[in-house]
Amino acid sequence: MPLTQDQIDEIEKSRAETQPTRRVVATALEDQLYRAVPILDHGFVRVIDYMGDDNAVVQAARVSYGRGTRKVSQDAGLIRYLMRHRHTTPFEMCEIKFHIKLPIFVARQWIRHRTANVNEYSARYSILDREFYIPDQAQLASQSTANHQGRGAVLQGAEAQEVLDILRSDSTQVYDHYAHMLNEDAEGNPVDADRSGLARELARMNLSLNFYTQWYWKTNLHNLMHFLSLRADPHAQYEIRVYADAMIDMMRAWVPLTTDAFEEYRLGGVHLSRTALDIVRRMLAGEQVSQESSGLSAREWREMMGALGRE
Amino acid sequence: MPLTQDQIDEIEKSRAETQPTRRVVATALEDQLYRAVPILDHGFVRVIDYMGDDNAVVQAARVSYGRGTRKVSQDAGLIRYLMRHRHTTPFEMCEIKFHIKLPIFVARQWIRHRTANVNEYSARYSILDREFYIPDQAQLASQSTANHQGRGAVLQGAEAQEVLDILRSDSTQVYDHYAHMLNEDAEGNPVDADRSGLARELARMNLSLNFYTQWYWKTNLHNLMHFLSLRADPHAQYEIRVYADAMIDMMRAWVPLTTDAFEEYRLGGVHLSRTALDIVRRMLAGEQVSQESSGLSAREWREMMGALGRE
Amino acid sequence: MPLTQDQIDEIEKSRAETQPTRRVVATALEDQLYRAVPILDHGFVRVIDYMGDDNAVVQAARVSYGRGTRKVSQDAGLIRYLMRHRHTTPFEMCEIKFHIKLPIFVARQWIRHRTANVNEYSARYSILDREFYIPDQAQLASQSTANHQGRGAVLQGAEAQEVLDILRSDSTQVYDHYAHMLNEDAEGNPVDADRSGLARELARMNLSLNFYTQWYWKTNLHNLMHFLSLRADPHAQYEIRVYADAMIDMMRAWVPLTTDAFEEYRLGGVHLSRTALDIVRRMLAGEQVSQESSGLSAREWREMMGALGRE
Amino acid sequence: MPLTQDQIDEIEKSRAETQPTRRVVATALEDQLYRAVPILDHGFVRVIDYMGDDNAVVQAARVSYGRGTRKVSQDAGLIRYLMRHRHTTPFEMCEIKFHIKLPIFVARQWIRHRTANVNEYSARYSILDREFYIPDQAQLASQSTANHQGRGAVLQGAEAQEVLDILRSDSTQVYDHYAHMLNEDAEGNPVDADRSGLARELARMNLSLNFYTQWYWKTNLHNLMHFLSLRADPHAQYEIRVYADAMIDMMRAWVPLTTDAFEEYRLGGVHLSRTALDIVRRMLAGEQVSQESSGLSAREWREMMGALGRE
């Protein structure tokens, strides 16, 4: 369970209050607001705040004075048009803020998306909790042989068990040592009066990359879709993909029309290169095309035929 | 009056509706929401949407689970601390969206602030209105002699009148020609059936830089303060400064504690260079310092003494 | 001719000097360095400086200590892989700086690409030249009927001539009035001693959007490709497309392997939506698919069949 | 020693080659190019490439056709003016690319500066080296009592020794386990034929935050100064400050005039708040001001008096 009872109480207290607003309201997202969706063994993602909805995309595209049309079919058509033709600025007019708890090695991938605002819990200022990520056995895999980055077959039996044992015992040990070097009790007083304790900004270096951190992360709808298109992709590392998958559900509660268009034109589609497009044209014209006559490398050919369902 | 009756009606219709929300609500800003504040002769600025408030800054700085403290004095102290020590990320957690109508030459300055989202009314797609900026006579000034960019003394009498006449007649003429070349009536049909009409993306090039455009402009609180610190500055051009001044009032309704800290540490302060700091130290120690013994150029000396009230 | 003899002399003087450097050098681009390629009637684009080359992309992808491989075939393969899989960060390691002279209405489109560094010639500080864009008659087109933004048939005969006459005479007049209001001769002294002259930041508002401005524009290779993919597109306005086309030639002299990959995977390809991909699969499997049975709108169907060469 | 002999050879091989270029050349920086400056126990920073120099700042500010003035005094004056008045865009016209090896916990602070391009060595794709940061004993400090983040007194005797022992033995152990779980020898073959080995993207999570990573990091001169002003500050953590200090030396070899202005107006100066400015004015007018009569909190008063040398 990633949350303490105090934290749950704080969340429920925030949820209990409502106030009137003149702003646009995304009712389905309001239902989920503040609630944490558990991810991995100690992580979560929850929506803290949002600005705008599908209608705000439409309104911005038209630079309108009022709320614009209320006919869902027209709005859906415009949103699909904007997505198809890469008119990205109207999607930038919606904003969402998440609170996310995640292992540090996942945070390191995540932060490479620069077009977001971030406030991370500071381990210079505060003490990290004893919480570290141990994968499910089903997620313990060997290095992929097809792909230089990625996972292959799942580890079995003794090897899997040994990995889990190592991860757990090393994590426990580095945290024990971290706490020992800090030499602080819950009130910030020395545990051992003979030692000064090591500064937090130094002690933290003993923790391993599977320890959890947390941050507030805020981005606009366009950049969110860019993030999700890369991180919900099958090639993304499992430990970040599970966050992206949960966030797509939240996005659907927030902007359902945009989510439909996103799945149609971004997540679900495929990009054909110039050569691949030419091959498809030749195949549609009835020509038999082989990898050798295609102009594609074996790898690109395999990728293209996979996308076209021709394996 | 910058708005038509239809536009006013749309705005008042939007204002009439409220819905409950679990999000933080900035009550004083809700009072102003959607209403246009007139700027210059045909421009305006109005707030369309916002996310967060002073409390959200505090909450983000603490990466908290609930709404954080409700003691205004503690929040004010933390916000002042963040502003003083340039901890900018918590301010990035608040977002605001404006609808702004402004002359094109002002828009050209404004857009140089890149860290914002913008949707501009498209003159490729739509026809611009017959609205252009004519300065008040009190704003017609000669080139500054002290400063290579900026204004000096106000023009008087016949010269001022001639400038106003030129601006008005040229603006009227270029718009008449724009409309003539377009050859479209209000329904988009040809005015003159013998002519095809010129494409909008071409005809617009005949309009002058004092014509009004409009856009949705969205930014976070940190970037807003950066914009305001440059554009509410006395060295900014008058025609952009009037927008910035109005936006500071809106900011105060939204985040009063942050606005106080902004005025204390950013707008109202002064930056001393290494040499200027040394001079102040020497003066406080009782030394008589002259420009010659200061190590500053005549210009920097004058600027510093002005800031220190020693002219 | 967009350049004065003085400007040409300055350029040739810069070109005459070479110095040794340990940095990577793109020889084919060095040949073109500083030289202006004329665009439209008074515009140009020229490369002022650059950092990196194809090899620098490879080197960055490998975070290598030396210059990496020198086998072109390996580098080409890696660059194609990076482009295909959207690994964009290595392309961000190359940078290029242009000097561009362009009409203001083109500059207004251009500046919407925010991920670049820009220094524009200041009309608050300096006086603009008497240079304005008049389209070739072949570029004077009516509004497109198929597309809400864009051009249709070329204007003919008297209508075309009238448009050219209007553009030329209005441009001449607004510049004459601009110069009159400024009241400055070439040395900055008053032309007419009885008038103070209007400040430059105000007088400029009388100029129309076809006047030329100029700027230094610097961006990295990734963002350059994004710009070019949008602005060299057939849907882009002609007056910006001609700049993009010239810049692709410069890019080829700089990073030929990257340019090949860019044309293969970005410029020359096509994106199929989820539904379009499904249709292609069905067609390849021998099914007859019509627009009605496709699930696509008439417009999307037309676009897709066009891309597939099935019109 | 942070580099292997192979790496040193690659660097020296790159240094041995020069080619002629028409671009501006910063001779003093060329002398240092590619060479690694050691930082901490296994880290380094080295310059890989650069674009522009002081003269390029001047050239951009003037949007000039040639190389602009060659009088150093004029260039220095303009650069000081630009720095003093926050005209930041000309500084954005210079670019620099570093190769940096640094502990992961330092990399986590560093990456929060978003306005840079980064290519990090991938631990999904490659195996990290057995290199971890162990502080000098002189850097082992207790938590600051004056400041919620930062260091206080240096640890002594047995406590310091115990910390060093813990850091060293835990780092050794987690790396041994990392290598064991990977089960790969130098050629990528299994060490132990009975085990599949754990995927790299998973095994890395067992490493602690003091392990070294490396990246290419590229930024423009304006953003570099922003980074350095925050990270060369006495409040920055020691382990990032040593990198910033070395980079200021490199910056001086590259753009000496800009570095002078940076030290005068940014590093060496102080910002006075509105209230602090008022106090300085009162003190200069001969008034005795105490903390009680100042309107400042005790802490701000102390900070201000420290800056003014009045402690």
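As written, the chain order gives the labels A, B, C and D, with residue 1 at the start of each chain.
Operating definition for what follows: a contact is a pair of C-beta atoms (placed from the backbone, for glycine too) under 8 Å apart; a residue touches a chain by one contact, two chains touch by 3 or more.
As the structure is a computational prediction, the values presented were derived from the model and not from experiment.
Contact tally for A-C versus C-D: the pair with more C-beta pairs in contact is C-D. Looking at which positions face the partner, chain A and chain B present mostly the same ones, since more than half of the interface numbers are shared. Mean C-alpha position of chain A lies 29 Å from that of chain D.
Between chain C and chain D the centroid-to-centroid distance comes to 35 Å (mean Cα coordinates, whole Å). Residue positions of chain A with contacts to 2 or more other chains are 89, 112, 118, 120.
Across the interface of their complex, chain C is touched by residues 3, 6-7, 10-11, 13-15, 17-25, 30, 33-34, 48-52, 56, 59-61, 63-67, 89-90, 92-93, 95, 97, 99, 117-121, 214-216, 218, 220 of chain D.
Taken in their complex, chain C has these residues touching chain B: 103-105, 108, 111-112, 114-115, 118, 120, 122, 124-125, 133, 135, 139-144, 148-153, 155-156, 159, 163, 166-167, 170, 173-174, 177, 180-181, 184, 194-202, 204-210, 237. By the touch criterion given at the top, residues 84-86, 89, 112, 230, 235, 263-265, 267-277, 280-281, 283-285, 300, 307-310 of chain B touch chain D in their complex.
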